[in-house]
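One structure, as structure tokens, below. Some questions next.
In order of appearance the chains are A, B and C, and numbering begins at 1 in each one.
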Amino acid sequence: MGCVQSFRELCDRQKNTNVRLSLPAVCIVWQTAMIILFGVFIRYNEESSPRWVEYRKAKNISSDIENDFYFRYPSFQDVHVMIFVGFGFLMTFLKRYSFGAVGFNFLIAAFGLQWALLMQGWFHSLDYSDGKIKIGIENLINADFCVAGCLIAYGAVLGKVSPVQLMVLTLFGITLFAVEEYIILDLIHAKDAGGSMVIHTFGGYYGLSISWMLYRPNLDQSSRLQGSVYHSDVFAMIGTLFLWMFWPSFNSAITDHGDGQHRAAINTYLALAATVLTTVAVSSLFQKHGKLDMVHIQNSTLAGGVAVGTAAEFMLMPYGSLIVGFCCGIVSTLGYIYLTPFMEKYMKIQDTCGIHNLHAMPGVIGVVLANNMVPTRQGGHQAAGLCVAICFGVGGVTQLPIWGDAADDNCFDDEAYWEVPDDEETFPQVPQYNNHMRNKDV
Amino acid sequence: MGCVQSFRELCDRQKNTNVRLSLPAVCIVWQTAMIILFGVFIRYNEESSPRWVEYRKAKNISSDIENDFYFRYPSFQDVHVMIFVGFGFLMTFLKRYSFGAVGFNFLIAAFGLQWALLMQGWFHSLDYSDGKIKIGIENLINADFCVAGCLIAYGAVLGKVSPVQLMVLTLFGITLFAVEEYIILDLIHAKDAGGSMVIHTFGGYYGLSISWMLYRPNLDQSSRLQGSVYHSDVFAMIGTLFLWMFWPSFNSAITDHGDGQHRAAINTYLALAATVLTTVAVSSLFQKHGKLDMVHIQNSTLAGGVAVGTAAEFMLMPYGSLIVGFCCGIVSTLGYIYLTPFMEKYMKIQDTCGIHNLHAMPGVIGVVLANNMVPTRQGGHQAAGLCVAICFGVGGVTQLPIWGDAADDNCFDDEAYWEVPDDEETFPQVPQYNNHMRNKDV
Amino acid sequence: MGCVQSFRELCDRQKNTNVRLSLPAVCIVWQTAMIILFGVFIRYNEESSPRWVEYRKAKNISSDIENDFYFRYPSFQDVHVMIFVGFGFLMTFLKRYSFGAVGFNFLIAAFGLQWALLMQGWFHSLDYSDGKIKIGIENLINADFCVAGCLIAYGAVLGKVSPVQLMVLTLFGITLFAVEEYIILDLIHAKDAGGSMVIHTFGGYYGLSISWMLYRPNLDQSSRLQGSVYHSDVFAMIGTLFLWMFWPSFNSAITDHGDGQHRAAINTYLALAATVLTTVAVSSLFQKHGKLDMVHIQNSTLAGGVAVGTAAEFMLMPYGSLIVGFCCGIVSTLGYIYLTPFMEKYMKIQDTCGIHNLHAMPGVIGVVLANNMVPTRQGGHQAAGLCVAICFGVGGVTQLPIWGDAADDNCFDDEAYWEVPDDEETFPQVPQYNNHMRNKDV
């Protein structure tokens, strides 16, 4: 703990949010490295290159429609929307951090998917005949999945880190992800189509451990910016809904052709529906006057999709999916009400978006659930996989340098890294939205 | 009318918008009921279960790509977006009811689709060999359609009912929907792929009859909140555009494989394009200075998709589709200008979103249109179907309890049911958006 | 230049933005003309009509899934979203022109796609046996592409023209587009799947030449409205992200079945990812304090998709795609920083959205790139095609009438053509968003 202590003191030094040299340097150098590595390693596979014609003949495939592209492309595009609009807008709820939420999400996802194609390729798609990684649509989907793990982690440190730190967080996150994924899926042979463990549990604990490492004792100095305003909550609902609607595609994108994809979509659709009702119930029950809290509606309604991920393609049965969703809505919402404040106060973990309630816990539930659906031995594998995911997640803390992050009294503020339009200087006089206030005066 | 009178007096009692007990109770109890009923009745069909393998052999199907999932999943996801983002954001136009618009739409749709799977299943997908409902992707699409009927009804009472009332409205709406759908499609044998009559006419009149039942003579006390603000109108355009863009998927989602789906998409695409131009024309022509009214652009531009629904898969011909759209844009926009005020003043129907102009009227046009495209006898069936849809819609009024709705001077206000961020308290001094005002001063 | 001079003086006359007669007249008359022309010329093709059944037999097609609808519909819907939400919201960044951005985009796209179906049909899909144009899903995609050219042009004149002028701009734009497309693809036999030259280069120069023609020397009188506000920048990100995410569908929508579509999607996906990193790098490097500029993030991140368009289905190789994206991000961002101000100051071209940096330049890069990937002779064709695209684009200037556009001190203002909600009159007292200001005071 000594090192951690000194590490924290290090963070309390005078902050300087100027990233004018570090950010361009990281972007240009790393992108150049990607180009070189892609040049050396990455090629098209037999379904995305002209070899498709012979491949069809060899495999006696009757039509172009049987190219994997047509089985998976619609799901891929839905997943792509979840990554960029879903995660990006879900984090716009802060009153003055919408640029950072959507913009940095965009930046790290764009870098992460390139690095993921390489890391995952080396582990899963390497053609030993020529030492090249052969990619097709399924690789793109897996790259997006891999990125999701890092975006989940971003949720925990939203508003408290610099874009340079986020790039580093992503570089290490993708690397750890690919390794744990390889161990879980290829060595332990656990099944995890929807990524409850590989993506959500890993991403959740990775983010939480980084957040713990970056604990800010005086964060309350930024409390004035840590809330939402009316329209930023509506923007966040765009993210929530696109995640919620497309989750069936997320969980079915890489499952087996035919009934596998079909069943995964149905199970996810049902689990998510049940989650919405229990989330609303708990949110209303625990607020005075029974008023609903946007934080719960924006986040907990998604927990069912996380939990059903691993088991999505199993014979979970429609009612089984509803039960999963039912429980997750309750657990996740209670997490926002009781666990998040507890973790901040007693465990020094400041979880901006409450990813522990949305991803980590439901992810664990999903794995436990899956264990009860598969042969015992497989069950053991799932459990082992879970441990790996958590270890790697927590292991993530060790590697985070500190560059250009904001001081405690300057967090959650786009001013630090963005040219923000000077709205109020344009016209000094008259307000626009004030119905809300007046309406209270009445 | 006596009963109605006393019913109205009942509504004028002191209101209490606290739903802390009723809302959680309804959500938990009904969701639990869904789980039990799903456990008893709902299973996967032969295309979404491992039986798919034998089924393929039996039917001599050459590839997994012929699983119905691949014919309909892209359309399903588009329809799903229309239900949650389309309907949800279309209703965010009110300056202070965006949480309620998008949030309650989310809640009742999530409940409604579960109840719809059961109700429609009993009527259409019951496997008499084992008494189970066998579901696949087409059932999910139909469930979303069924929900659409209730969301249309929500549009009429937006801002004037409590979430508990909405749940009840949905429970009865789905039930009525399934029955009228069964009568129209299975007994009368009318055709209605895009649901002009089953969905839009029914939903429209169901909502209007409820709105009539809940007439509020002193609603003008909430007039300060019944308008939009600049950004709430932009949010509403998100809903409008996703409904407009994906309507071809809505009308083709459950039509016959091959040319049926192909033609339905083309017809809808064309009808909607024509509607936009005539809507703009009428909106400009009837405003002083020819300024466009956002209400028309947000709603009437969609009327063509409603009207072309029933006939979407027929040989309507491209020019036929344009004619349908042409007429609907004019009729719907004129409805907003003349009919809505008339209905409020003389018929005691307060239609917040103007669903009569967007859904009810175009729906009737669509059925009449379809009648002229099919053999006379079929035409009779369509007409009979229309009557059933209207009767059931109007029949809807009889069953609405009143729990937790707001007083007349407190409608259209998220304060009643949501924890609204206290924007103005955070920083008492300076305004942000005032260019608009200044720009008028100049 | 004399004529141009007098033309400009003409524009300086007293402006009147009342379009109450002209706009409805144009919409109704042109829509009626569309109906008549569609009645005379447009029919379903063999895949969207009942003839599909015989066609299947004749072609010995084993399943309905091989109908072109299933190869292209998911891509079509993605392209459709790019046209209406992507382009529409990308232009909402101006603080008080969001209605015009999203509304007029909606209007001209809805008209343009109808006219495009006719113009492109006469050139490409005319069935000489009966003189009819036979349409299917691919025609809808091409119509959307054609419209994209005009929406790009709209970006250059955003906020400075009336809806009537936009309709005329679209009528001529679509016509020129179809002709240049015919010359480029059918006479010169250049390849251009993603439309780098046919769509982006043409659209870019068409818009710039019109903007030059409509040069407003006193536009600074509207400078108070030419910027963004916080939430309008977030709305614009919705447009950016949907364009960015669905660009792989844009470039693969009409490429060959099988590996062609597969490869085009992969190449575009990679090029766009690289563009994001170099855009961020340059944006940060050239701003004081290294702060990112939303204008660059909203626009330059898309340049890679434009440039890779023509070569998308070629064997560009994954690293090749990254290189294209890498360069375009740099070039496009530098264009916003240096070229746009230069063009306004010295070339009298006021390019509101900077389409020269987003579409015109990357489009040219894309064509040059494609030339180095194809046999020399084909290369010559590509070059010739580029010249045609530019000529027609620039040729566009000659035909623009001036009706109902705003005076120089009244540009970028929705007040001119929309009923804007009178926010500030509703409640005179208290501001809502002011955290931003206070936060500066601290």
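What we mean here is this: contacts are C-beta pairs under 8 Å (C-beta built on N, C-alpha and C of every residue); 3 or more make two chains touch, one makes a residue touch a chain.
Every value quoted in this text rests on a predicted model; they were computed, and no experiment measured them.
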Self-check item: Where chain A and chain B overlap in contact partners, by chain label
Solution: C
Quiz item: Nearest 5 degrees, what's the C-alpha rotation angle taking chain B to chain C?
Solution: 120
Quiz item: Is it true that over half of the residue numbers where chain A touches chain C are used by both copies, so same, or is it different?
Solution: different
Quiz prompt | Whole-Å gap separating chain A and chain C, where each centre is the average of the chain's CA atoms | solution = 32
Quiz item: Which positions in chain C touch two or more other chains at once?
Solution: 62-63, 65, 70, 74, 95, 224, 229-231, 238, 423-424, 426-427, 430-439
Practice problem: Name, in rising order, each residue of chain A that touches chain B in their complex. | Solution: 62-63, 65-66, 70-71, 74-75, 78, 95, 224, 227-231, 233-234, 237-238, 241-242, 244-246, 248-249, 257-259, 261-263, 265-266, 269-270, 272-274, 276-278, 280-282, 284-285, 287-294, 297, 301, 315, 317-319, 322-323, 326, 423-424, 426-440, 442
Self-check item: chain A-touching residues of chain B, taken from the complex the two chains share
Solution: 17-21, 23-24, 27-28, 30-32, 34-36, 38-39, 42-44, 47-53, 56, 62-65, 67-70, 73-74, 77, 80-81, 84-85, 88-89, 92, 95-96, 98-99, 102-103, 106-107, 110-111, 113-114, 117, 135-137, 140, 163, 224-225, 229-231, 235, 238, 409, 413, 415, 417-421, 423-424, 426-427, 430-439, 441
